[in-house]
């Protein structure tokens, strides 16, 4: 399986693990779900690879694949927003920073959203908001669990306050699931920060995280600069965030599929009566 | 708000964007509020709005609470860790009606700003807000929120105690809160830390308030790699009142006294009071289920995107190109 | 008005303020609601005095005045439980550690419960539990706000686990008020600790406290001995507890009546519709 | 439970108290549970029960969870401050049914006890429990709680973070939780810190468990002014299984293997599993409103008091005697 798009990749054939320094053959790494076999460093992976890894084979039906951003602010910094979008598309091979669709995980039908950090840092603009809201609305209509795998630097500056509002827009939709007794599982991968963490990322009935994933509201650099103090060991890493009470489990990539399958099965929505059967 | 590509690409002044404001429903057009962006004359520059919004002498939450409400009784604490002085709230009378009011509190002096942490809440500030939202809901009292923060505090203790979770939960609570909610951006609406108080049936802003996904300085540092480009970033971010109205982020602007709210706290308070009372008069008889449906729709439709009927698939790279990251 | 029963009273005619050392004439002190005119030290007062201070004149109708404890465990330490009860009755002039009844505060009808610290340290046994539950049930039936003024060392040891269970029994009743939108105001006076604080004392929609009242789960002595550390300044005092997020307001005794009147008026239960009138 | 004075005064063996146990409803009398106090032969002394309940080798929460449940997935954190190792909980299967389980966790060794804080939760432990209660409620999963604590931690940080509030809120949440709840006292049921997990539709206890308003040592120190009178205090407090059954505090006792649960964790787990499954089989079809009404009544009727039809008023002192404190 083609697990593999990675920032850290310095060569055609091999990669040095940034954690333990081990030299790893790319094929070997891909076969190991892009986890370092020596130190368990979890390399970043793309949304398509993630979906292949999580869902029952052949069960994924993508939704809204063509939804594309506008340029509501006419935003230009060193280049225009439309040019940034084009570059992100070329780089990632995706239309936007989230892929959504319907699938099965361990036999349970779910609605799925998976973010791709390579698309402008997994930033959340109007399209991410709209696609995730539609996924949540499908979950509500079908009474299927919702699973969102986040990887994001936060809201997309180029859409200004419209991007900020996507936090409320998506949360309004996931909150409806809660009231209807439909489970929402949030999976935080490296990195999940800013507006994504400060909205739907933190609000799963269950919040899972990959080992050592960076998880924080402000980037550690921002925090460090703002405060000028030394940060505690493991600051903003998944294990740290779990020990501080915000993550239910840190789940190694190899176990993530089975773990989600168990949870969406155990929390399967019922019609209000007490669940006393499998 | 779905539009053909051409309309969208024409930017902020496009028809599609102006329509958003017009869509925002039946705000009373009795002169209390500015609801039509085309009616704004002599607007200040984005950077001047930033400076006005941050003016130390601008009326802050307690200045307005004192003038807009009667018999305000401040309530303290999040019931779990601390009373955060950067968030104030309590029960008060508004035009003879009991309400719950919650706001972010900046200081009017350096000393007070240190005590108030410059209006940057810690997680416990948002958890205090949530507690007060729930109090309003339980007793069917309307909720008024007052937004004025550079942003949530980014320090390590705030991270440890779950700044992101607190903001997220505050947003979530408001999306389903079973009582009318009116939010007013008083000065700075700084990112998620502001939005945590900003999910409401009606969102108003003072004329010179700003509301932004990131501070102009932060944006400039990231995109222009230069803190001195903040003025340019402010303009690009479309964070000032008229832009927010055009984008459908706010439903109306509360007029400020000549030169800005800092020149006349009493007059500013009168405008805010008139605007909020008018909105609550309108919202209070609405059945809660309709209220929640309307609140959902209000935020549901925010966003600008293109949805082609048919379009060419994106070029897919072969798997080995993707493995090799090229 | 006869404000006045006080532990600290060393003489017939005058009292030395334990905080500021001022010598105070007892009559002067009683006239000032038993608050030191110099330093605002709030002396402990009995339940009857408290009721007189809080309710609209002549509006208090006591309920269940004769409810009396049994001796379910046959408990005897250095003396038998029935003898302790007799002694407490003689000392306090009350039948039990709480007085309950219906009253008006600032014109709003309320159900009221006031604890008396002089009755075996305001300890909560079956009678306290039963009287407070009946008060809460009346509040629910009449849709009247409930006001409980606590002063207690906690559960009454002589009733064993039955006393412990009163925490659940009273909370079950106050929780029903919450679901029905009927306000419950908890007033914490010096001292409120142990099982009373760890149940209904902490659960008011509003929690008010008198200045410098001792408020804590474990007695400061227990905490100190258990841990062997020095405690922070003001530890377990009302202001400390407010700053740590658990008390809405510290209200001087002179303002308590008006403050409660305001709150029970503002939070007056409605039939579910939005409250947009006085 | 109202009784004429005479009956009450005769103490714990009085008819009135035994009746409480008999009143406790329709527990299946199939030998899984001891529900009749008169059927207990050879009961250990109160002090021996205290020692058994505290035995380091006794099965603790995770020992039983491992044996009673399948596929236990532990969930961490209170979503506001910390993950407290003294409280464990998660989702598991019980006899093929998904449930939520929450328990206090003591260590089996000194080292583990230090990590688990000797099973004494901080406020965040109770807040984690509350979060898991709400998870069970949202998804209509039965809740099983396992009680085993000397008490809530009495340290200054626990006070600062609201130990009392956390316990109170935990109790309150359970009183209204809209799903079946079964509580089992495994070992030590130490005061309010135990009760925070103990408000349930059915409350069971292992045969040698204890449940007390205060530790025997604490009681002795206060009432006898001597820590060495703990044995006497234990007896006076009626904190052992048969007493709890007679008093109506617990609805049934789960039989332990010969000599005590510490001798056979597997056999203990089988007893616990059979008992809990039987109760959940019984409770699961009950409509939630009936469940809540029953849970309310279960605690509502606990207490022993005398209510004379008429009685002489207490002697009132004149005001000046009261003023003078005599």
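Just so it is clear, A, B, C and D label the chains in written order, and each chain counts residues from 1 on its own.
Assume contacts are C-beta pairs under 8 Å (C-beta built on N, C-alpha and C of every residue); 3 or more make two chains touch, one makes a residue touch a chain.
All values derive from a computational prediction rather than experimental measurement.
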B-C against C-D, pair bridged by the larger set of C-beta contacts: C-D
Distance from chain C to chain B - Cα centre to Cα centre, in angstrom: 41
Whole-Å gap between the CA centroids of chain A and chain C: 51
Chain B and chain D: spacing of chain centres that average the CA atoms, whole Å: 47
Mean-CA-position distance for chain D and chain C (Å): 26
Residues of chain C whose C-beta touches two or more other chains: 178, 244-246
Chain D residues counted as touching two or more neighbouring chains: 79-81, 161-162, 165, 169
Pairwise touch network: line, ring, star, complete, or other: other
Of all residues in chain D, those that touch chain B in their complex: 79-81, 123, 127, 161-162, 165-166, 169
Chain D-facing residues of chain A, complex: 178, 181, 183, 205-206, 242-249, 259, 262-263, 265-270, 272-278
Chain B residues within the chain C interface of the complex: 71, 73-83, 91, 93, 96-98, 124, 128, 135, 138-142, 179-180, 280-281, 283-285, 288
Residue numbers on chain A that touch chain B, as the complex places them: 2-7, 9, 12, 26, 30, 46, 48, 64-78, 82, 89-90, 93-95, 125-127, 129-130, 133, 155-157, 159-169, 171-176, 178-179, 194-195, 197-203, 216-218, 222-223, 226-227, 229, 231-232, 235-236, 244-246
Chain C contact footprint on chain D (complex, rising order): 3, 5, 8-12, 14, 17, 152, 154-156, 158-165, 167-169, 171-172, 175-176, 191-192, 195, 198-199, 211-214, 219, 222-224, 233, 236-239, 243-244, 247, 249, 295-296, 299-300, 302-308, 310-311, 313-317, 319-320, 322-325
